[in-house]
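Here the chain labels run A, B, C and D in written order, and each chain numbers its own residues starting at 1.
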Amino acid sequence: MVVKILITGGTFDKEYMELNGELIFKNTHIHEMLKKGRCKLETKIRTLFMIDSLEMTDYHRKIILEKCLNSKEDKIIITHGTDTMVATAKFLGEKIKDKTIVLTGAIIPYAFGSSDGMFNLGSALAFVQSLPHGVYIVMNGKYFNWDNTKKNNTTGEFQEIK
Amino acid sequence: MVVKILITGGTFDKEYMELNGELIFKNTHIHEMLKKGRCKLETKIRTLFMIDSLEMTDYHRKIILEKCLNSKEDKIIITHGTDTMVATAKFLGEKIKDKTIVLTGAIIPYAFGSSDGMFNLGSALAFVQSLPHGVYIVMNGKYFNWDNTKKNNTTGEFQEIK
Amino acid sequence: MVVKILITGGTFDKEYMELNGELIFKNTHIHEMLKKGRCKLETKIRTLFMIDSLEMTDYHRKIILEKCLNSKEDKIIITHGTDTMVATAKFLGEKIKDKTIVLTGAIIPYAFGSSDGMFNLGSALAFVQSLPHGVYIVMNGKYFNWDNTKKNNTTGEFQEIK
Amino acid sequence: MVVKILITGGTFDKEYMELNGELIFKNTHIHEMLKKGRCKLETKIRTLFMIDSLEMTDYHRKIILEKCLNSKEDKIIITHGTDTMVATAKFLGEKIKDKTIVLTGAIIPYAFGSSDGMFNLGSALAFVQSLPHGVYIVMNGKYFNWDNTKKNNTTGEFQEIK
């Protein structure tokens, strides 16, 4: 079994830039995270973008969609900022029915000691192997169907709509 | 959905004892880990023992078995040292057929910066929600059926037998 | 011996705000840092402000000056952002001659795993106990006299001028 | 100014061995620690041994003494386990009068998130630059003269005798 991992940026991969104190993107931390998790799953990792999800437009979503449609692997994880994760999940969910696609991210950047990134990555890899075809968001130890979730902007948590 | 978590100790929960430099058990880190992972699943946590899995005997396994059999929840995670995790999985797997039970642990204690604990806990919580009834080991980003795995003592990884 | 510690904010104390992804100030981490360092020095900690040092004006510097002049303790550490640390050191250095005052900070927030904060705090506490009266900047494992240092904005390091 | 750093092991450098769960020595973490602290002091690092200080004998102490006596640099830090740090400080203190020698270590290994190592290293580097010739122990944010300290085995702290 091979899991494809598509990187799009998001809080997950933000780093602290020493010279001006801003949070920026350099390279993805996914390799380091998989190593730390002693992950022995076979994975194919592709970095599509390194952007804040507030900058994610339909232009970007079409690229993600195309990568998913053309993927030989039918188990795909997409790392994504949480602010527009639901919009991207919906965009994909309406169009892809024959693959298991999991969007995940982090509330705190991996580079912070207090990050939820490792936990979410562990969950995402497990759910992508075990859930039926469909598009899901995996956060907070749970999975959500693409058409049944929203982010609660007060608490930062994902919730079921119904 | 409620997930029961039974704590038995293992590397997961080992701490450094300042006064004599030994690795010991105090309290479980599971609450802190779930908080860090922003886990919003409902869980019931019970500490059964805090022992090294090399000290795990059939006496202990019978207690674990009984707790599983009597559990109202049919999704159960057991934290466990990796050295004898396979033996406990087998002990339970032969006797429990109507629940999803996941044994997990860590190669490096959670208290170390380089721990795989958060990753494994994320995976275990996801698999316990999504796998059919049965007894599984979850490590290295994978799940293994209780009757089809061994720990490779050279690499420290779990592998399928067949 | 008692060391006074005046908190003014700076990178040292920046935290990640989960809901909007910005770096903000909440409370100082100094207590947690001293505990982690097993520091047994007697200290008196006062939070004056929690600001980015780019916002530090002479209004703020006069408050710091007054607190230093009125301090019963003659060993004082000031945590401060690095961008204008030299300006504040100069402001104080010209006016205070009978105390040992050490300004220190961090290039990476303490909340990040890769922070230099603990190292700098350890250095600052040691230098404030051992250097003669005067105003100093302590960063990068070194101390600098207030009238002989600048921050190299390309490398982020402090250097001697002469 | 050049500071010599002699490595002898101790809790500072202990690592977790994944395969058997023991704390062992591999390589020193001192280079990584200096880098994390953004230390720009010039240092010369020599690893003499990698042993637990309970294994430190006069044979080892004679080697340390000889390295100190023959050192071109008159500012020397010795990383050392805390259990017999006082004995080594005494051994050196009686014989070396023309150099500043600082013994330091950690109560918690650097590899643990909760280590006091970075703090102690920062303090040690500061004190070695600023204290007069003599042999000192630097722990807990303080320095102690070689002939006026003991480790309190109940609290793990160093204290003055008089």
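In the analysis below, contacts are C-beta pairs under 8 Å (C-beta built on N, C-alpha and C of every residue); 3 or more make two chains touch, one makes a residue touch a chain.
What you see is a predicted model; the values in this text were computed from it and never measured.
**Q** If you take the mean of the Cα atoms for each chain, which one ends up farthest from subunit A?
**A** Chain centre farthest from subunit A's centre: D.
**Q** Taking each chain's centre as the mean of its CA atoms, how far is subunit A from subunit D in angstrom?
**A** Centre-to-centre distance between subunit A and subunit D: 45 Å.
**Q** Rounded to a whole Å, what is the gap between the Cα centroids of subunit C and subunit D?
**A** Centre-to-centre distance between subunit C and subunit D: 26 Å.
**Q** Whole-Å distance, subunit A centre to subunit C centre, using C-alpha means?
**A** Centres of subunit A and subunit C (C-alpha means) sit 38 Å apart.
**Q** Using the touch definition from the top, which residues of subunit D touch two or more other chains?
**A** 107, 113-114, 156 - these are the residues of subunit D that touch more than one other chain.
**Q** State which pairs of chains touch, listing all of them.
**A** Chains touch in the following pairs: A-B, A-C, B-D, C-D.
**Q** Give the list of subunit D residues in touch with subunit B in this complex.
**A** Within the complex, subunit D contacts subunit B at residues 11, 14, 16, 18-19, 21, 23, 52, 107-109, 111-114, 153-154, 156.
**Q** Which residues of subunit A touch subunit B in their complex?
**A** Subunit A reaches subunit B through residues 33-34, 36-41, 107, 114-116, 118-127, 129-131, 138-143, 156-157.
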